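Just below sit the structures, each encoded as structure tokens.
Paired with chain B in one complex and with chain C in the other, chain A is shared by the two complexes that follow.
Moving on, here comes the complex of A and B:
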């Protein structure tokens, strides 16, 4: 049972929310839609769910025209970024709601709801009112509500984005367990997120979306190793990949008075206007390195993000420990050039350390 | 805050409150203990005589009270059902939504007494347009002179006049509902009908209770419609409590007795509305 879309477009104002989006989702797989906010992720999920009708294009599921089927008959489940539940019902009734719409025997409903509660770790909360729960618990209730109906298509629209750091980590782990537990065997899971780390961790098929357009499709590994354009490199890395305007000639990369020996995969590039892409984690502090000035230092979790500057070049370096820097401090860094990417003047990938294209 | 002149600033409000609310109630109680009528005007104290007469020797008051209960409960139920249907209709995206929203409010903007006069003309048995049209089917109901039909005529006019108010309250309620549960319900497989039963209606319960109580209070004061349409007739078949009290007090000028009826009526209304509110809350909100 495949979910196939052809040239979906949706343009409510003068901006495309979806621009000729096509895909072929297969049963038993997890698909991650990666994109920045307003890239059209929610629109795409809503279109699949049936809450929006696209201006153009078609969706087919199991060989049937999906757009002709009303929302309530589509057998789709959805978890929203803002935890949506029924405020007038308690936890049990909330989870039982989708089942009650199908005239299922009460004892089966009880059993299924209890199973769902167990799988999201909310046993014992059946009689609580929704307002009495924390955000994380509310999101678990709506997750349980979407699991209970065994939908053929499960849509998760940035389900973790409104949770605090700790809960996010914890729920992400639980998602992974749930997905691998065979839940995905019979259904199509579609998970949208802005977080590249989440995408890598979920390790499904990734669709990179920007301004309503599909930029790249591939496994998480492929997207990570060979982002096909500057934009994808930016979207699929957090902090975004550093882009450095440099000149490559005679096996050397030169910028801001720094002269680096070009690695093999970059040495053959000769065209003008090349940009070098280097992940923030591929730059390290080194006593013998090149001097940069600290513009900003932020500590995020257990790592330190250094915003550095030299001439017109600004870069971000992430260091896997908590360090204190002052603004205008001088630091010395080293570039792991063998992990550098090159993009040509119109933003397409020219060479990657993982053997993409010219490498 | 300790401020010497605070009572001075409270005085204007307090004065109005005492003048228009507290004084009249106390005066009615005192009046009900007097035999004030057109022969003996004045507050001569006669004890509970008026109350004894009311509870032992005046079936007309109790009949009018039960008639009032029937009329107000029926009209409010009808107003609620019709008002909800109309509000639900213009809440959805339909064509000419704004036009309908205004149209449904028109009856509320008219003067009730004048509209009742027009309705009386409508329902006139031999000259009114209603029976003129019904003559096609060979029927001519006695809208205003049959003891049973006259009650329903009153109900029709009341429902027409006051459904817009219900409509307005319920529409405001519908517009203030969160959108998310409806999105969830559609995805959870609820058809439009089930969505109404399991989501819209329960979410509207608190507003509904408020609207019903407000209308019940208003409806139990029904007076002008009856006065103009049937004058309580034929016989006493459309006479309500307030109309009967009006007749006793201001036509027959038995002020003392009318005051005792008013006060009894007030107590009954407070008790019964409290019970109704409690019951509605229990049934609709399951609390």
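Moving on, here comes the complex of A and C:
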């Protein structure tokens, strides 16, 4: 049972929310839609759910024209980034709601709801009011409500984004377990997120979306190793990949008075206007390195993010420990050029350390 | 500072309470007085200041043939007209408000906000402006001096209140709740009835309360659009006034007419503090 979309477009105002989006989602797989805020992720999920009708294009599910089927007959489930539950019902009634709607026998409902409660770790909470639950618990209820339906298509719209750091980690882990437990066997899971790390961890097929357009499709590993354009490199890395304007000639990369020996995969590039891409984690502090000035230092978890500047070149370095820096401090850094990417003047991948060329 | 604040707070509450309650106490004592007690100087305390009697109250239920005024029929007329018009206004108003809150309407330059404003504008207009059209309208369909005619007019007056309150309320109910209901297998009508409406009870109560109050206290239209066949309570009370002002029965009827509103307010107050939407969206 495939979910196939052809050239979906949706343009309510001046801007495309969806621009010629096509895909072929297969049963039993997890698809991650990666994109920045307002890139069209929610629009895409709502279109699949049937809450929005695209201006153009077709969606077929199981060979049937999906656009002709109203939302309430589509058998999809959706978890929103806001924790949406029915405030007038308690936890049990919330989860039972879609089943009651299908007029299922009460004893089967009881059994299914209890199963769902168990799988999201909320056994014993069935009589609580929604308002009495924490954000994480509310999101679990809404997840349980979407699991209990055995929907053929499960849509998760940035389900973790409004949770605090710790809960997010915990729930992400549980998602992974749920997905791998065979839940996905009979359904299509579509998970949207802005967080590249989430994409890597969920390890499904990734669709990179920007301004309503699909930029790249591939496994998490492929997107990570060979982002096909500057945009994808930016979107699929957090912090975004550093982009440095440099000149490559005679086996050397030169910028801001720094002269680096070009690694083999970059040495043959000769064209003009090349940009070098280097992940923030591929730059390290080194006594013998090149001097940069600290513009900002932020500590995030157990990491320190250094925003550095030299001439017109600005870069971000992430260091796996907590360090204190002052603004205008001078630091010395080394570039792991063997991990550098090159993009040509129109933003396409020219060379990657993993050997991919132009996606 | 805190003590001063508490003092000022309670001082204000006490002053305001006296201001509001005193007229009721005045009416209550007056209703047990007769001509002598009313005109014989300032008196407050029954049995001490004056001898109480039930004449003022008895007059209200006696038939006119026996020298009474019989407010029972106008009382039930008022109740029937107010409740029916309020109920219909709430039902129609809630449906309109939901549509205005959730769907986009466009007819030339007329958009959702203009439609909402049209409803409210019915209340902004001075009633006197509407009185002549209403009179002509009712007379053309033969509903002058009838309960049905009054109900029709009251719906026009009360529905804007319901629409106004409910549009605001529905706008605060996250759209995603309706969408989730659709995804969970409800058609749009079921989503409205099973999910949106149960979460709008506080709004419905407020809207209902305002409709009942404004319907119940209307004097102007009841006065203009009825003559002999049908009388509503406010008109009847005013009609009590004859060459000699019967302060005792006026007071008694005033208390009787305010009573339902006080009861409604006490019941509703309890519901208003209950149930809110805080858990719907964080």
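The definition used in the following text is that the second predicted complex is superposed on the first by the 357 of 359 C-alpha atoms of A that agree within 3 Å, B and C clash if a C-alpha of one lies under 4 Å from a C-alpha of the other, contacts with A are read in each partner's own complex, and residues count from 1 in each chain.
Criterion: contacts are C-beta pairs under 8 Å (C-beta built on N, C-alpha and C of every residue); 3 or more make two chains touch, one makes a residue touch a chain.
These numbers were taken from a predicted model, which means no experiment stands behind them.
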Exercise. In the superposition on chain A, see if there is space for chain B and chain C together, and answer fit or clash.
Key: clash
Quiz item: Of the partners chain B and chain C, which touch A:88 in the superposed model: first, second, both, neither?
Solution: both
Exercise. For A:135, select first, second, both or neither according to whether it touches chain B, chain C, the two together, or no partner.
Key: second
Exercise. In the overlay, answer first, second, both or neither for which of chain B and chain C A:162 touches.
Key: second
Exercise. Scan A:124 for contacts with chain B and chain C and give back first, second, both or neither.
Key: neither
Quiz item: Can A:257 be said to touch chain B (first), chain C (second), both, or neither?
Solution: neither
Quiz item: Counting only touches as set out at the top, which of chain B and chain C does A:301 meet: first, second, both, neither?
Solution: neither
Quiz item: Which chain, chain B or chain C, is in touch with more residues of chain A?
Solution: C
Quiz item: Thinking of the overlay built on chain A, is A:78 touched by chain B (first), by chain C (second), by both, or by neither?
Solution: both
Quiz item: Should A:51 be classified as contacting the first partner (chain B), the second (chain C), both, or neither?
Solution: both
Quiz prompt | Residues of chain A at both interfaces, chain B in one complex, chain C in the other | solution = 49-51, 71-74, 76-78, 80, 82, 84-88, 97-98, 101-102, 142, 145, 149
Practice problem: Going by the contact rule at the top, pick out the chain B residues touching chain A in the complex. | Solution: 178, 180-181, 183-191, 194, 198-199, 202-203, 205
Quiz item: Any idea which chain A residues touch chain B in the complex?
Solution: 49-51, 71-78, 80, 82, 84-89, 97-98, 100-102, 142, 145, 149
Quiz prompt | chain C contact footprint on chain A (complex, rising order) | solution = 46, 49-51, 70-74, 76-78, 80, 82-88, 97-98, 101-102, 129-133, 135, 138, 142, 145, 149, 162
Quiz item: Residues of chain C touching chain A in their complex?
Solution: 174, 176-177, 179-187, 190, 195, 198-199, 275-282
